[in-house]
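The structures come next, written out as structure tokens.
What follows is a pair of complexes built around chain A, which joins chain B in one and chain C in the other.
Right, the complex of A and B next:
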């Protein structure tokens, strides 16, 4: 356990870096995912096509391929930028497709009578979605959304291999390879670090689920 | 890979420092040996004779020997589709073999990647290993090192048209410059003290990606041992170059069977007596790459 106690500062800084990546990607993917979901259920056909294409392309590509495209493909065509921005963008885009589908499942669960009633009182599409459908959809979407987001937290470990330094998982590389610590205790420390992100997140989601539960 | 060996590097550094500071004791141990060996016919004489029972006598009698080297290290030991390996390590081995009257044609080259080097020596599969082989205490427990015959060190590689970086110090002054290395490697740890902030360091899993990032302009420098960088420079078609001094020291030795002091001393003397050939070997191989510093035969360590 020396490996962890001796390098606690390294683990803590890795934890914060990972948490920062996760929080930014969380907000980003929720916003982007909601927009794409809105496209997929919109009455405008071209928007539906864009949404469907987006989901089918992004969801069916491995995250590493997306990261490769950002970290090595974009510079190849002259788009230079920080690997941090590239990595987090790729994570947001990747997760947005899953967020979109989780939300769409929620939207589909809202009975069509709700949308018809909203239209009947004269609400336009945007307001129908914003005021009537989405608040109900989010509730139903919380459990699948939670799984998607927790998966995203863990996916953030992959960013370390694409030039995004200092995250929790690359801490293990530094300690085992360069400083010669045994792998098992170091990886245990890393695992605990990720648990410290995902377990509170899971608890928060459970709380959210209880608070928003529909009384039927 | 080498990345596993911070401790080893520290040890190697200590040895190198000891080697620098202790010139006098080193010479006092090698001098008597030199005069002994000088009585023997040296390189390029037709029929060298050696004391019976020594490794040299055995090899000279056989007229052939087996040498372990790398087949994938540009500038040091690189083997193409046909012919033998080429590079500085190969030339050094030829000098030593030549001193025993063995011609280049009679050397059998055995590929020895980093992790098998101690094993092939212990098992007697080769007579010596010349394969970018860093001398360190851990390895000395299993084999004996002759040399060092070259001191490698960490350097910076930049784009050929970039004049803003002239050494690791430039990175501290120019905070917008990014430098790339491999995750968890010793060079990555070493470079940190030259950086103004950790965000200047970009890490990938292999050096190929670093070279790619340098080519596209995502990073402005790549750092690791000059030997690896020279390989990239030579393959880059003039797009990359090395800049600045080496800022770490990794002495390369020639691995032989543990305890073969006579052979070790013979190798050291041979290299010392053939400095011209040594310099020529460097200039025609790894030294031919732009930015490579001229080779200087380091003072040999005492054999043990």
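Right, the complex of A and C next:
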């Protein structure tokens, strides 16, 4: 356990870095995923194609391939940036496809009469979606969205392996490779760190689900 | 108290809704066959007919919740626009009441009414609330303003839905079987509101099975069967002396029980 107690500050700073990555990616993927979902249900056919293509391409590519592309492919074609920005962007883009589909399940669960009533009072498509469909869809989507977001929190560990320094997972690399600590206690510490992100997140989602339940 | 609900630009008698040679298919089913129908301002047209006759579809094409294959529909002289902002603007002038109420489940009764006026008509929130309360008062559910739709009875929900449509100050109101989903004891409270509206001069197209309402409130009864308008007449003539076989057959079936 010395591995953890001796390096507590490293673990704590790794935890905060990972939490920061997770929160930025959470907001980013929710926003982007909602936009893609809006495209997929839009009355404009080209937008629907763009949405479907996005989901099918991103969802079916492994996250590591996407990260490789961002980290090494983009600089080759002249797009420069830090690993940090590339890593978080890749995570957001990857997760957006799953957020989109979880949301679309929620959108499909809202009865068509709700949209018809909104259109009947003269709300255009965007306002119908914002005012009537999405608020109800979000609530229904919370359980699958929760799974998607928790998977994303864990996927953020892959960023550490890609040289986005200082996050929780790269702490294990630093301690085992560079400083020679035994792997097991270090990895246990890292695992506990991730649990400290995902378990409260799960509890928050459960609370959110209870608070926003709607009578039908 | 009713006059302010009917638009001042709605001088009676002018053609408001005109369907001209309207055809529509659902796949291989020909649901509307060469429909020609003119609804004049201030007129109450009740559409009746057996289920599957196309009467609900007729109601829904008027604000383009269903598209048509051919023919034309004009509203107050203006051809129905294709999708987009123009269509939304036009729909704001057409009130619609659905069989299943379709109140916004996540909004309170008051918010259900004010959404359209504030978002579409850009009425400021305070005035929208005052007008909404007046409408809720009129349909008799003002006491429920802060509740959610699922907490209301079916009859109350449908009266709210009527108030929601009225809040847009529509030129014409469409009712698509407004009492068919209601328990029997709640039907009259909704019909009473509709009868009051008709008396105030609102232009209405009502798809219904309520023959009593048709007799009481309609200026004209349109009888549909198999996607066609088979017969149209004033209610007193239609109910006492139907001309077509199909109308006679339909009336004999519903009036004997």
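Here is the rule we use: the second predicted complex is superposed on the first by the 215 of 216 C-alpha atoms of A that agree within 3 Å, B and C clash if a C-alpha of one lies under 4 Å from a C-alpha of the other, contacts with A are read in each partner's own complex, and residues count from 1 in each chain.
Basically, contacts are C-beta pairs under 8 Å (C-beta built on N, C-alpha and C of every residue); 3 or more make two chains touch, one makes a residue touch a chain.
Given the structure is predicted, the values throughout are model-derived calculations rather than measurements.
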Q: Based on the superposed arrangement, let me know which partner A:83 touches: chain B (first), chain C (second), both, or neither?
A: first
Q.
If we overlay the two complexes on their shared chain A, which of chain B and chain C does A:113 touch? Say first, second, both or neither.
A. second
Q) Thinking of the overlay built on chain A, is A:122 touched by chain B (first), by chain C (second), by both, or by neither? A) second
Q. Can A:160 be said to touch chain B (first), chain C (second), both, or neither?
A. first
Q: With the two complexes superposed on chain A, say which partner A:72 touches: chain B (first), chain C (second), both, or neither.
A: first
Q: Pick out the shared contact residues on chain A: the ones touching chain B in one complex and chain C in the other.
A: none
Q. What part of chain B is in contact with chain A in the complex they form?
A. 3-7, 180, 183-186, 188-189, 198-199, 201-205, 209, 212-213, 216-218
Q) Considering the complex alone, what residue numbers of chain A touch chain B? A) 71-72, 75-76, 80, 83, 160-163, 165-166, 170, 173-180
Q: Show which residues of chain C lie in contact with chain A when the two form their complex.
A: 63, 65, 83-85, 88-96, 98, 100, 102-106, 115-116, 119-120, 148-151, 161, 164-165, 168
Q. Tell me, which parts of chain A touch chain C in their complex?
A. 43, 111, 113-114, 116-124, 127, 131-132, 135-136, 139, 214-216
